[in-house]
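Shared chain: chain A. Partners: chain B in the first complex, chain C in the second.
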Partner chain A sequence: MSEFLQHLVNMLVLGGTYALLGIGLTLIFGIMNVVNFTHGVLYTFGAYIMFIVVQQLGLNFFLALPVAVLAGWLLGAAIELTLLRPLRGSDIDTTMLVMIGAWIAMQSGTLWIWGGVAKSVATPFPEAPLVLGPVSVSWLRLFVLAAAAMLILVTYLLINKTSLGRAMRATFQDHDTASLMGVNVDMIYTSTFAIGSSLAAAAGALLGPVYVIFPQMGDLAAVKAFAIVILGGLGNITGAVIGGFILALAEELGAGYVSSGYRDAMGFVIIIAVLIFRPTGLFARAERVG
Partner chain B sequence: MRTVITILAVAVLASVPLWLRDPYLLNALITTGIFVIGAMSLNLLLGFTGQLSLGHIAFFGIGAYVSALTSLGFDVGLPGDVRLVHTPWPPIAGLLLAIIVAGLCGYFVGLLSFRVRGAYFVIVTISFAEVVRLVALNWVELTQGPLALTNIPSIALPLPGFGELTLRTKMQNYYLVLVVALIAYLLIARLVHSHFGRAMRGLMENETLAVSVGIDVTRTLTLAAVISAAIAGAAGSLYAHYIRIIDPEVFAFINTVTMVIMVISGGKGSLAGPVVGGLIFGLLPVALRPVMAPEAQWIAYGGVLMAILFVLPRGIVPSLALRFARRRSGASALAPVALTETGAKEPA
Partner chain C sequence: MTRALGLVGTIALATALFGGTAGAQTIKIGVNEPLTGAFAASGTYVVNGAKIAADEINAKGGILGKKIELVIEDNKSNPTEAAAVAEKLITSDKVPVLMGAWGSSLTLAVMPKLMEYETPMVVETSSSGKITTTGNPFIFRISPPSAVEAAAFKGIVDKLALKKVDFLVINNDWGRGTAEDFSKMMKDKGIAIGLVETMDQGAQDMSAQLSKIKSSDSETVIVTTAVDQLTLIFKQAAALGLKKRIITTGGSQNPDQIIAQAGAAANGTMHLTTFLPWFPDKTPNPEATNYFITEWKKRGFEFAGCTESFRGYDGIRTAAAAIEKAGKAEPAAIKAALWNINIKGLNGDIVFRKSGPEGKESGQSQPNVYLIEISDGKVEMKTL
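And then the complex of A and B:
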């Protein structure tokens, strides 16, 4: 029983960052209808920003997170403006393949600049974990959970309470009508991609110090993000949050009770199963696109 | 005209081992040829049915593992204290089994493609390939996991009356790959020009209309997937018996991407497209190796993929064919470019 409780605690920590990844991708996929293969690279990018700010520049750990969010925002906006805006109107396969090209180029760039050796980041948190009865959790992971929860809340408020969020939701429902109502759809697309990318970078910056940082770390993160989006339904932010926690739970239980080698297979199994049995996602609300 | 070019190209390819003595280049040509077969099979799905399978390497890898395990033998425990023991069979049996098993897997993925389309089909196929990779990595008893299957025997051709011919040298393997590639090319060409091929393209261009004239969607898509997967499985088997060692990295996503780049750059929906694109991208690393670091090569790879999609979205072969046809149409009537024209797909 205590083992199960420990799995639940781990699930909460992991699920928070997965939710961040999922929200970012579901926004981009849902609003722009782009299968964003650079999402994993942005995750890696956020982790390396953390590494640069903390280890190479020697600045404060807590400063690194906002820097990573900002850097992710800028890189996302740059990708959208240079690669996706000129291809507006082309079919989903073309943009997907361009995103794959960008992913290969950027990941190889990361490998070229920082090499393949895994990096770790020193954190200001005490080594000894917080012990609560039968379960223990490190202070770093608690911080990750709190920061992720805060970012999820900020995104939720941004989408639901601001005029930018209203324009994004309108574009999601029908971009032609939104455009006729005076929404600058191009600007919405760029903002969406930038926001989604900054969330991926934040997830990488948060999980990077928990594990180690290496150029290919984003590949699995991207697939997990796709699993979360499919679980939660396209463009469904609440679904993405719940999907993030479900995936984390499945991984924890899979690793704990099946075999740790199959931990990362859970995401793929979920994708296949959901698409076969319930292709609109577990919490279907929005219309499926594509 | 087309036939002349094809015969000329085959003659040039067949003469290569006679004047090319560099084993490194010959090796690059053989592995490129194997990937060209994979790319041709991918083109059957991507170019003629419009289904983008980004898990195509799964069929290739399954073919490689099936063929290797058939010719190496195995002894694994199954749940319920059952032991499955298999004594080694000749590699040629492995090749046949690889084709059959990969084709069966293609059948299931083909059924899926009827249920999920577009981006979702892409994600399902990626997931399928990754699950297979993780199984190959973790089922150590069967696959040796990351330790790889080693000492895979070379393919031996049974010659009636003369015993067997074991293909050990690069030259022999080159001709084996060339022959299999030719068979695959002719099979796909035959298929594409048949009633079935017209059904596939009809589905790709306008599914509602195609269904209304009585084309069976499920049957057409699954059959295309089965044949495509079976050819990819044959390519995987050739790979296993040529390289003679395989590990789960054969399932790496980048290998699928390589095939996709070959098809897209050469021209999807064009028969010669994957061959042209495959030769360019298979030999590009050889040309880049002296001048670029490996990481920089991959950056160039990604850059070239993006550049092709921006500059030549139809691919090299259809663009050239179109230009050629335009020049001739000045003198004579409009030249037929029907086959290559299907390479340009309407936005979904």
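And then the complex of A and C:
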């Protein structure tokens, strides 16, 4: 029983970060309909910003987080302005190829600048874990969970309760009509991509110190992010959050009670099942097609 | 304009040809190591050790009157890439001998290429038994197979009073091979084997495996993986409140890095290593060990890397000794000469003995294995 409780605690902590990864991508992939292969690199980028600010500049850990979010926002805006804006209106394949190119170029860039050897970031949290009866969890992971929950809430409110969010939803529902209603669609495209990117960078900045930081760290993260978005339904923020927790639960229980060798496969078994039985995602609302 | 372009082409071609001739003034040794991916830290250490050996040899005038040149390629911690890199080094760079490929799965992927192109390779790190038992006569290994590690560990299991052990190993030929060899040895000793958990080489979160091990009834965990994953395991085990004795194998632990990154969580852990940079006087070749460590520090590398980098140093010295003995930089001659070398490695004499099926034996030298314990943030040697 205590093992099961520990698995549940691990699931909560892991699921929070998966959810954060998922919502950033669901904005870009789900709402903008851009298959964003740079999501993983932006995650890596956020982690390296953390490394620069904390380890190389010697500044405060908590200051480094907003710096990483801002840097991710700026890099995302730059990608949208230089790569996606000229391609607006081209087919999804062309955009996808350009994004793959950007992914490879940026990943090689991180390798070139920082080398392939993993880096770690010191944190201000105590080494001794928080012990609650049979379960135990590190303070850093608790902080990451809290920060992820806050970022998810802010994003949810931004999309659903602000005029920017309304303009975003309108733009991606019907680009021309939104434009006729006075929405600055160019600005909306750039900000949506920038917000999604800053969420990826935030996830990297939060998880980099938990694990280690290296140029390919974003690859597995990106694969999981795509899986979460598909699980939750494209563009569905609540779905991405629940999808993140489902993936974490599948991995934890799969590794704990089935076989740890197939841990990373568990999530994908669920994805295949979802795609067969509920191809629009577990939480997709009914919508008119065509 | 066309003519001008033609001229440029001719000059470029001539330069390339001259460049080719100049290249023949050196003797090339191919180095196939993971410089990116899951084993980047380890591979980089090995390459830095290899460079020290090459510089040392070249400073003394090289071999056969020529300087040696390391052709270093990154196998990305990926078996497919490791095989491609070997092919590139042999066919395009024309190296007569290789060193590589760090991980067992990487080395196993390279092995068919060695057969195909009849080029020998010095294996510096890999520990899977399969490497020297499947009948590949181009393999010359200076690192201990996991069965040798297990045999060395056998002497101390009574002293440690092991009763039941769990395993947490990397899910590849190295980790699974270690779990197999150690389980066999321990069963013979009457020690019960509990869980055998695996983790993907790129996995960063081992909490699920560790939670499972935490609630098992064994008192010891044997962990096999490289340094980056090990530090994560130590941190995560501490976060989960795992209180079992941890013993690591494989010689890629870099204990100083574990002390630095895992802090108090590292105390009481034991590690099977293949080099003793902390106690140069206790190594088989103190003079060379001191030289190597001094040179390593002079280059500004982290001391923690010594436990890995010495293999690159020994590997290149092994290849160079064979080239010298062969009298020419040709694969067949080097392969024959590897059987006749006897050099003083940092971890014992490097002399190859036959291993594997008759007629197509691989070479295996018999390096030392040591057990160290971390206590109060310091490395202590245990007698095996």
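Here is the rule we use: the second predicted complex is superposed on the first by the 284 of 290 C-alpha atoms of A that agree within 3 Å, B and C clash if a C-alpha of one lies under 4 Å from a C-alpha of the other, contacts with A are read in each partner's own complex, and residues count from 1 in each chain.
In the analysis below, a residue touches a chain if its C-beta (ideal position, glycine included) is under 8 Å from a C-beta of that chain, and two chains touch if they have at least 3 such contacts.
Being a predicted model, the structure only gives us computed values, none of them experimental.
Enquirer: First (chain B), second (chain C), both or neither: which does A:Asp264 touch?
Expert: A:Asp264 sits against chain B and chain C alike.
Enquirer: Looking at A:Val212 after the superposition, I want to know if it touches chain B, chain C, both of them or none. Which is it: first, second, both, neither?
Expert: It touches chain C, and chain B stays clear.
Enquirer: Could you look at A:Leu111 and tell me whether it touches chain B, chain C, both or neither (first, second, both, neither)?
Expert: Both partners, chain B and chain C.
Enquirer: With the two complexes superposed on chain A, say which partner A:Ile276 touches: chain B (first), chain C (second), both, or neither.
Expert: first
Enquirer: Considering only the touch criterion stated at the top, classify A:Arg141 as touching first (chain B), second (chain C), both, or neither.
Expert: second
Enquirer: Just checking: does A:Thr94 make contact with chain B only, chain C only, both, or neither of them? Give me first, second, both or neither.
Expert: Touch status of A:Thr94: first partner only.
Enquirer: Looking at A:Pro66, would you say it contacts chain B, chain C, both, or neither? Reply first, second, both or neither.
Expert: After superposition on chain A, A:Pro66 lies in contact with neither partner.
Enquirer: So, A:Val131: does it touch chain B (first), chain C (second), both, or neither?
Expert: After superposing on A, A:Val131 lies in contact with chain C but is clear of chain B.
Enquirer: Taking the stated contact definition, name every residue in chain A that is touched by chain B in one complex and by chain C in the other, in rising order.
Expert: Residues 111, 259, 261, 264, which sit in both footprints.
Enquirer: In the complex, go through chain B and note every residue touching chain A.
Expert: Going by the criterion above, the answer is residues 52, 112, 115-120, 122-124, 126-128, 130-131, 134-135, 137-138, 253-254, 257, 260, 264, 293, 295-299, 301-306, 309-310, 313, 345-348.
Enquirer: Mind listing the chain A positions that touch chain B in their complex?
Expert: It comes out as residues 29, 33, 35, 83, 86-87, 89-94, 96-98, 100-109, 111-112, 219, 223, 226-227, 230, 259, 261-262, 264-265, 267-269, 271-272, 275-276, 279, 290.
Enquirer: Which residues of chain C touch chain A once you look at their complex with the stated criterion?
Expert: 35-37, 40-41, 44, 74, 171, 197-200, 202-205, 207-209, 211-212, 214-215, 228, 231-232, 235, 238-241, 261, 263-265
Enquirer: In the complex formed with chain C, which residues of chain A make contact?
Expert: Spelled out, the residues of chain A in touch with chain C are 2-3, 6-7, 10, 13-14, 111, 115-118, 120, 127-129, 131, 136-138, 141, 211-212, 214-217, 220, 251-252, 254-256, 259-261, 263-264.
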